[in-house]
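Labels run A, B, C and D following the written order; every chain starts at residue 1.
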Amino acid sequence: MGLFESAAARALASSGVFLFMTVLLIAAARRISTCIGLYSLQSLVITAQIAAVSRMHHSAQGFAIAAMVLTVKVAAIPYALYRIVEELKAPRDVSSSTSPSQSVFIAAGLILLSFFAVRPYVGVLGGDQAMLAAAVALVLTGGFLMVSRKKALMQVVGLLVLDNGIFLAALATTFGMPLVIEIGIVFDLLMGVFLMGLFVFRIRDTFDHLDVSKLRRLRG
Amino acid sequence: MILLLPLFIPLAGALFVFLCRNPRVVVRAALTTGALELAAIGVTVNSIHSQGVLTAGRYLRADGLTSFFLISLGLIFALVLVYSSGYLRHVPEGRFSSLRWFYGLVFLFLFTMVAVYLSANLGMMWIFVEATTLASALLVGFYNTEGAVEAGWKYLIVCTVGIAFALFGTIALYLAAVKGGVSPESALDWGTLMAAAPGLVGGHELLKLAFVFVAVGYGTKVGFVPMHSWLPDAHAEAPSPISALLSAVLLNCAMYALLRFDAITSRAIGTGFSHTLLLIFGGVSLAVASLLMIVQRDLKRLLAYSSIEHMGIVAIGVGLGGALGLYGALLHTFNHSIAKTFLFFTAGNVREKFGTLRMERIRGMARSLPWTGGALILGALAITGMPPFGLFVSELLILTAAFSTAHYFIAVLMLAAISVVFGALLHHFQSMVMGKPEDVPVRPALQASWFVVMGVCVLCLVVLGVHIPAAFAAVLRGAMAVLQPAVLQP
Amino acid sequence: MTQVAFSLFLVATLSVPVVTLISRRWTKARALPAVLLMASLATGIAVAGAGFWDGQRFTVEVSQVASFSFALSVDRLSAFFLLLICSVSLPVILYSSSYIPRHYSGARRDWLWVLLPLFLMSMVLVVTASTAFAFLFGWELMTLFSAGLIVIDGDSEERRHNIFIYLLMMHAGAAAVIGAFLLFLPHAGNFAEMRASATLMTPALRTAVFLLAFVGFGTKAGIVPLHLWLPRAHPIAPSPVSALMSGIMLKTAIYGLVRFAFDFLGGGPSWWGYLALLAGGVSGLLGVLYAISEHDLKRLLAYHSVENIGIIYLGLGAALVFMANHAAVWAALALTAALLHCLNHAIFKSLLFLGAGAISDATHTLDLEELGGLQKRMRLTGAVFLIACCSIVGLPLFNGFVSEWLTFRSFLAGSELTDLSAAIVLPLAAGVLALIGGLAAACFAKVYGVAFLGRPRSHEAESANEVSWPMQAGMLLLAVACVAIGIFPGMVLGSLGALTEELIPGAALPQAAALLSAVLPWIALFVLVLVAGMAAFKRAKKLTATWACGLPGLDERMQYTSIAFSKPLRKVFSQVYKADRTLNVIPADQPYFPASISYRSVRTTSFERLLYRPGVDAIVAAAYRLRRLQTGNIQIYLLYIFAALIALLMFMRWV
Amino acid sequence: MIWAMNAVQVLLLILLAPLVRGVIARLKARIQNRRGASVWRPYSDLFKLFRKEDLVPASASFVFRLAPIVLFATTLVVAAFVPLLYGSALVGVTGDFVLLVYLLALGRFFLMLGAIDGGSSFGGMGASREALVSTLAEAPFLLALMSVAIGAHTGTIAGIVQWTVGQNFFQFSAVHALAFVALALVAIAETGRIPVDNPTTHLELTMIHEAMVLEYSGPSLALIEWASAIKLTVVMALLIALFVPWGMATSLTAAALAIAALVLLLKMAALVLVLALMESSVAKLRMYLVPDFLGVASALAILAVVFTALMR
């Protein structure tokens, strides 16, 4: 086991902490752009993890995936979102239904919850508990963001976080799926973000606001 | 290589349509592409039945189940194309909402769905199911009205979230397969998994986990309660042909994915878990949807809830399992597709003539629009499972399955729910068809295309209601053989 | 041979709608559908006769739908009901051939001629089906086509509500019937299998099947309290259709119940019988009591259908009790009574509805208070209506009496049973039947007396004329049937005996049944001779004005009205009606010399309010509560998804 | 021989009916300290009426003239059901009690129609009241007869009579007692005597039967009167035959028949006396008390039936 491998392993083991940090920060963030930045950071951590994992298993595929994630999740999507925020010229706060402090506490609670949630599965799923917990935590916070943040864009961010979680779970349990699949998944994500951006503009044009909790014409 | 055809044609069609500007050309191109696609599907289905399982490369695969769903897809899609050729005369020109955008997106939508049916790899299937959402989101928001945008947004977000869970489920299954000793390369390959399924008992917990996530994920797309919330909005706000596509094809598409997973799970760890889950989802959807149908005010929302109800019935059929249950479920997806298409087309006419879908504003169609009114009544009878229409047979089949497996609670629930639905539809439709027309609406003559489409629908429904053709029965048996290699066919 | 004839009959009947639509524009061929339909019905009568009297049985395989086979077969029971359908509908169609063109034109007439054969067809399907699938197929269609026929007759808020109730109750009933069939699984393929498997079923299952069948078919038959739809749906149909619905359609329900309770299950514990007796008694009494309080002729007749179904159920119940006590012979007698009453009621009830149609045709009203003195103006219609009244009241020399007499005899026989409860209940049921008979007599004395006798109460009645000859001919045929069966019951009793022997093992129609056939013709002859003699010796007769205590100015308004006639009975049975009355006098301060005075009395005992309202309200309330969960807020929707996921994960741990 | 005997019985009933009426009227007159008309008066009435012409309201239809004939005919048939001197009747084997009740109903039904056909308010009034009484009378009538029939294990009147004759007078069961009272009450209602109806009144507030026949005259009226007389006699004969048949001839010898005739005469006389006494001592009931009166009858009849089962 060479130096790089051990480094990678240590990196992996500790990376969970970084993720939890990003989660808490996103929960605390007041401005959309901050969240986007944090998301980008989060993706970066995950990229690092992929790199590390693939270094450990000497899989070229892994590096390819890492490169792809880097380009798409760390660079492309956050950039696109920034552009949208710029374009929208709308108020940029996340307009949360919970105060930042509450959000942080809830996020922390979710992280703890995720630890308890994964414990019974560690045996079954294998993989590193911290990483699994991080994955679940990401999924949960993603959901939490989508439920609590009223801005359309924040729902996109929440979705992205949730997606990161699932991606991480895949990584933690199976060291990545076949390349083609991964590519397809990421491509879908890209298209999805593009479409959502489109709809965000449409919402702005038709309703003159971006508050999804006010879209309640269709009910019953 | 045949399998590439039905994938390639829609893509090409979409591309061409996007490029050309003249609307008349667009319609012609669309119809041509549709005809070609139909031919391609025909060829595919035919060769499936001559050669059994078709494969192309590692990622394309077609078997009996595929052919069954391809047939219903082809039929409905052809109907939709013909109908829209007469329906879409006035399109709000705007960003992403012009005739060519319509047809272009429709063909992309078609492509993604065909791809779902043809993909051999569960991961790839997931990718394309997600893609169907993306392709149809713009179509849902096509009219660009407040409602349309809202519906589109909800559709996009809710379905994406749901599908994300399906991805997790897929991963879990993959993991189970890998742990079960399947080579990571082919661990998402349905054929391989089906073959290896009995050996996966080790990953018992994992498979359960996988199926829960998949059920919630694809269930969102199928429209199971409580993940159904997007469905009424999308169906109500989309243009009628698109509503028909969503309800009659897309839901089946998601159901198809669910069927594939269910087959593997039940083969690996027995039918107990997955079927119970399906029964729960089906029962809840059936009960809730049937009740909600009583209090609807918008015609297309009503129809959307009826779709939920029927997907619930299908889920129950699958959940009951056995030869009868599955047979009934498959037959029911087919019948429901046709009947629902018929109804959405009728609803399209109503909207065109009355300019609204609020049912309390629609009165006296029997006098003002006899044909549409008649169609509405026929459709209602068909969708509530009255003879001589096909749904009577399939619902009776599923009931038979319920009784013969002593699932009396499910049976009673189904009978009760169907009665409630009957009452609801009767209540709404009677008041629309009967009574004095408040304002005699403008009556542009019905297009010949409309009569053709409606005629075909009624014909199919009645034929399936009184006598199931041997060829079609063979297709059904083929589909069942794929899902239940063990069970003997009815 | 018969098989071929039967297929021919089916095809011919199904061809009528096509012919109608084709010959729509061709005015010369107006009569074509009617003629064709009557011809095919005649064929049907021949087939049914061969099946009923000669006991021929045969099967026709129509098609195979999925795992269901669609097959028709005719045994004696089916043949009897087939005979009932064809022989009653033939005169009705003859009547309609003139009635429909007189009242409907254009599309509505064509629709009638399209739907009538289909409606008949569906009923034929029901009684000849030999598989559950075929039966249910016909069963549902029967409801739909009858509803279609009602819809044709016009459109109003109230009518819509009535049709809604009709269809909804029928659908719920059909659900119960489906349940009853499917409980036979896995042996629900065809009737033979079901019959065979019934003996192997657990008592609990048998009871479940019986109860489902009882409720399902009871809804169609209109036993109280499932009768809600009947007085709503029957009166608003075109008269010939009412005749078919009341005369024939209700009997298909009896057929179903007989199939299940006797043919498949072969009887059961005696409480089944008591249940049927209870239902019959209650339906009979309430039916006739509600009928008395009506003065709209067709509503009144509809309530009498409830009453007669009650009488049939009394017979069926007695038969079940006898079977439970292993008295096959008496069971046969009771069942024969019930089946014969089916036939009789089919005949005289359709005759009565046709008569009602004739009245509305001549006077454009069905309100008894507007009628009177029609006998002098519509001689034949009046005469046949009188015959029908005597039959439904169950007076000797008319067919109604024969079946009621058989029922009485079976009740008397009940006293022979060793089981104490049966020996008490059955004879007492005779009292109920007698009371029903008495009330019916009072009711129809009122109907015929007020409508046809005395002086006309309105200008329409004054200027009424006899109806066209096909209508008269149709009614005459039915009247002849009434009298024929009433005087020579032997015609049908023999074969009915054979039928019951097929249904009930070890049964044989007892001698008692033969008594009537022996005495009735003589009594008839005697009465006839007497009447002829009286008519022969010419009594001097002088027409005078009705005696008015020597005062002038006696006018038709002074006659007893229908309301006045039924007043004493309504007062005695006021508990049943719970009428709420509103009397407003204008001006209020002059009670004795009012400028205008209006009085309104409404029966408030309605099962709708007692039984159905709460359930329906609960369902709708639940629906509205659910509706609130669909808050248009997407964040809530996402919450639902997460919640569902969490719940399932817990469920998974727990499973 | 038997056949002839039966024919004679029927003839006796028919021909003596008016006399019974006359006797009752005479007795009542005496009890009320009047001289009263001769007992043969009904015969002369009938004779006179038959010679008169028939006055028919202009508005009336054929039913008006058919009704009396049907009434008369059915009453005659019923008369042929009842054994008088000897334990058999003309329609003995088949003379079923249900048929008897319903034949009476047939006649009554037509009489009601005829009354309404008159077109006056009286006819309708009488018919309506008759409908009330007869409706409520039918059930107890049938049940009472049935309780006896159950005991005798046969449905035919003659059969019941033969069985009863065979019984010992002293094991006369409670069933019979109950049935007898019930049937007696019903008989009063059926034949329209006090306290249910007053055959002699013409006051519109109270009359039932009289209101129905108000419009009739001449031969029609004669038929009606005669029929009601026969009905009264038949019902009395029925009571006697069913409950106290002892003394009937068991063999067709002249002596036996003579004794039987004598005994019958005594029984009839007794019954007539009771009737006369009651009619001149009891007041007519208000019409809405009649249901209670018949309710008592029904209760007794039901008890009788129940007892038949209990006392086996």
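Throughout what follows, contacts are C-beta pairs under 8 Å (C-beta built on N, C-alpha and C of every residue); 3 or more make two chains touch, one makes a residue touch a chain.
Quantities reported herein were computed from a predicted structural model and do not represent experimental measurements.
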Chain labels contacting chain A and also chain B: C
Pair with more cross-chain C-beta pairs in contact, given A-C and C-D: C-D
Most remote chain, CA-based centroid, reference being chain D: A
Inter-centroid spacing, chain C versus chain A (mean Cα positions, whole Å): 71
Centroid distance [mean C-alpha coordinates] between chain D and chain C, Å: 36
Between chain A and chain D, centroid-to-centroid distance (C-alpha), Å: 102
Centroid spacing, where centroids are CA-atom means, of chain B and chain C in whole angstrom: 44
Numbers and ranges of chain A residues touching at least 2 other chains: 143, 146, 155, 212, 215, 217-218, 220
Contacts with 2+ other chains: residues of chain C: 627, 630, 632, 634, 638
Touching two or more other chains - residues of chain B: 150, 153-154, 157, 161, 165, 209, 232, 292, 295
Chains that touch, pairwise: A-B, A-C, B-C, C-D
Residue ranges of chain B in contact with chain A within the complex: 59, 96, 121, 123-124, 126-127, 130-131, 134, 137-138, 141, 144-147, 149-154, 156-157, 160-161, 164-165, 167-168, 171-172, 174-175, 178-179, 184-185, 188, 203, 205-206, 209, 232-233, 236-237, 292, 295-297, 301
Residues of chain A touching chain C in the complex: 120, 143, 146-148, 150, 155, 212-213, 215-220
Chain B partner contacts - residues on chain A that touch it in the complex: 121, 124-126, 139, 143, 146, 152, 155, 159, 162-163, 166, 169-170, 173-174, 177-178, 180-181, 184-185, 187-188, 191-192, 195-196, 198-199, 202-203, 206-207, 212, 215, 217-218, 220
Of chain C, residues touching chain B in the complex: 63-68, 70, 133, 136-137, 140-141, 144, 151, 155, 157, 160, 163-164, 167-168, 171-172, 175, 178-179, 182-183, 185-186, 188, 619-620, 622-624, 626-627, 630, 632, 634, 637-638, 640-641, 643-645, 648-649, 652, 655
Touching residues on chain C, where the partner in the complex is chain D: 373, 375-376, 382, 386, 390, 393-397, 401, 405, 408-409, 411-412, 415-416, 420, 423-424, 427-428, 430-432, 434-435, 437-439, 441-442, 445-446, 448-450, 452-455, 512, 515-516, 518-519, 522-523, 526-527, 530-531, 534, 539-548, 554, 556, 558-560, 564-569, 571-572
